[in-house]
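Going by the order they are written in, the chains are A, B and C; count residues from 1 in each one.
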Amino acid sequence: MKRTFPILGILTAILLSYALYQALVVAPTEQTMGDVQRIFYYHVPSAWTAFTLFFINFAASIYYLAKRSPAADIVALTTGEIGVVFLLVNLITGPIWARPVWGIWWTWDWRLTSTLVTWLIYVSYLFLRRFASGGQTPTLAAATAIFGGLCIPFVYFSIWFFRTQHPQPVMGGGGSIDPRMMHALLMNWLAFMCFAFLVCWSRYRLEKLRREVDAAHALESLKDVARSAR
Amino acid sequence: MSEPKGITRATLLKDLRLEWRSKDAINSMLFFSLLVVVVFSFSFDPSAEESRQIAGGLIWVAILFAAVVALNQTWARELRNQVLDAYRVSPAPANSLFLAKAIGNFIFVSVLEVLMIPLFVMFYRLRALGPAWQLLVVGALGTWALVVNGTFFAAMSIRTRSREIMLPLLLFPIAIPAVLAMVQATTAILSGEAGARFWIVLLVTYDLVFTTSCLLLFETVLNAE
Amino acid sequence: MTETAPVISVTNLIKQFGRFAALRGVSADFAGGKLYAILGDNGAGKTTLLRTLAGLNQPSSGQISILGAGKFHDVCQQVGYMAHPSLLYDEMSGMENLAYFSQLYGIADGSRCAEIIRAVGLDPELSRPVGQYSQGMRQRMSLARALLHDPKILLLDEPFSNVDVHSAGDMVRLLGRTRDQGKAIFVVTHQAALLEGTADEFVWMEAGKIIGRTRSFKPPEPVA
């Protein structure tokens, strides 16, 4: 593991650079929006990455409740935290994109709105993890994650229908996409996923170490015969 | 042997009897609901045409806030003398307790709605241009959506620090699709414009999915330690 | 008398709360028809042991066997639990409380509640809500709740805490009679002197372990 991590790190850095090059240089300039549109290559992959992480979070939470595996709990914690960050990137790049193009910061566009609600759901998940006390945190968090995950389809569906009734400017652009743009998009997604994997791995190791330290302390108190009582 | 439906009924009746006896909670809740309606009326001028158009949303937001205050009290009596331990130690199934509490909350919030909705209708001079009976359906489905998740999250929040804030923190994001559906359905029925059918179907699906989840996970949450 | 299987058997029970180990390897067998007093300083693990036996805590590791079952829930109908909080609804009378709990235990016999309330020395007709009882009355009503379903095992955590001497004496005598009926009773208490003469065995705990079991109320010799 000690060797794989730096190697993967370097590979990811290369991939990110290549994807950046694709996004900023190789991909053709969009007709209507111009170069501002290039933020699309960060806006979309960050959301895709976040949702991949949230899916893993959902699966890990179910697995935790079924098998009570501490590793599953750490995976859920990790993917939850990092998914929130990636989704925040999406939420911030949205207005940055919208402002020059439509002159407004926020458009209540279907995707952006649904993303905001998803983000709120997972932030509340993180709050629960912080505020729950002691040994019950993994169980309560897993239950919350399952509820949150089940809610996502409802969020997207309800807001989609709402927007078809009350249309607003749509971001993200419809229509067919130039293959070079698609290539840049997918490259960036791949690079983001690798980066996300690295960060998750780091966070996983950090949390695992923290728990091992706690367990070692607990083991100490187990073995420690109360010599002071004599 | 203990019988689940009987236990649900017994628990529900006990809770209703206790509420009726003290009437403290229901009285303060009713007054709080009245205050909410009045505050909303000052914030969103009822004489303005725009306010009447958003009245569907106003009603449900007001009910949501009143419901949260009520939901926070769900387990208060059980916590006082650790009665939950007595329940856990007994052969009674956890879901019977959950259903009793959820139904109790449903009744409680419905009583609040019976006060708040006529007031809103009166203050905002609302008329239903669409099929008014559908409002009952939307009301029942929407209230259950809030109450079933609210009861579940209330049970979780009592195991956290800052338990009063934890309930709305968990409930609001998850409730957004349901609240959107309630508001849109109510507005559609009041204005008679679009049909509320999609929203009603969404609410039914939401209620089914989350009631099932609550029933599947409540025992785990009750016994988490 | 033939040797019967122990009603409760724990093997190397460990319970950790984060960094704190409340139980550090408790192993013991307990027989039926005996009254055990569990003693020790604060933090010795007495309450944790009782709560783990009652299925309210999951052990971190180790085995528990209650009446031959590994899971508490399989035998919960046969176990009664009482703790320092009353586990009763303050707003209801004693009779109403027990009527509700008898529903949880599926007790069809309507007269059982009144019978058990009288057995603990209280008046079934008393309509005063439990919240207005004295501590002695409240603990006795809580004991009535624990005895309601005629369990084979009683787990009592600090039943005499803040109770007046008269009530405490009554409770001890009742526990003795209950033990004589063949039930196993476990009492965690700081007031072990109350049980002298009634308890069959004193179980001494310290720092999450059982350090000794004696027949008389005298702490075991410290192990060299």
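Following the convention adopted for this analysis, contacts are C-beta pairs under 8 Å (C-beta built on N, C-alpha and C of every residue); 3 or more make two chains touch, one makes a residue touch a chain.
This one's a predicted model, so the numbers in the text were calculated from it and none came from an experiment.
Relative to the centroid of every protein C-alpha atom shown, the closest chain centre, again from C-alpha atoms, is found for B. Taking the mean Cα position of each chain as its centre, C sits at the greatest distance from subunit A. Between B-C and A-B, more C-beta contact pairs join the chains of A-B.
We define each chain's centre as the mean of its Cα atoms; on that basis subunit A and subunit C are separated by 49 Å.
Subunit C has its Cα centroid 39 Å from the Cα centroid of subunit B.
The geometric centre of subunit A is 31 Å away from that of subunit B, both derived from CA atoms.
Contacts with at least two other chains are made by residues 135 of subunit A. Annotation for subunit B: residues 225 touch two or more other chains. Within the complex formed with subunit C, the subunit B residues making contact are 1-3, 6-7, 10-11, 14, 18, 21-22, 77, 80-83, 85-92, 225. Residues of subunit C that touch subunit A in their complex: 14, 16-21, 24-25, 206-208, 222.
Touching subunit A in their complex are the following residues of subunit B: 149, 152, 156, 159-162, 166, 169-170, 172-174, 176-178, 180-181, 184, 194, 198-199, 202, 205-206, 209-210, 213, 217, 220-221, 224-225. On subunit C, the positions that touch subunit B within their shared complex are 54-58, 73, 76-77, 79, 81, 83, 85-92, 100-101, 103-106, 145. Considering their complex, residues 65, 117, 120-121, 123-124, 127-128, 131-133, 135-136, 139-140, 143-144, 146-148, 150-151, 154-155, 157-159, 161-162, 165 of subunit A touch subunit B.
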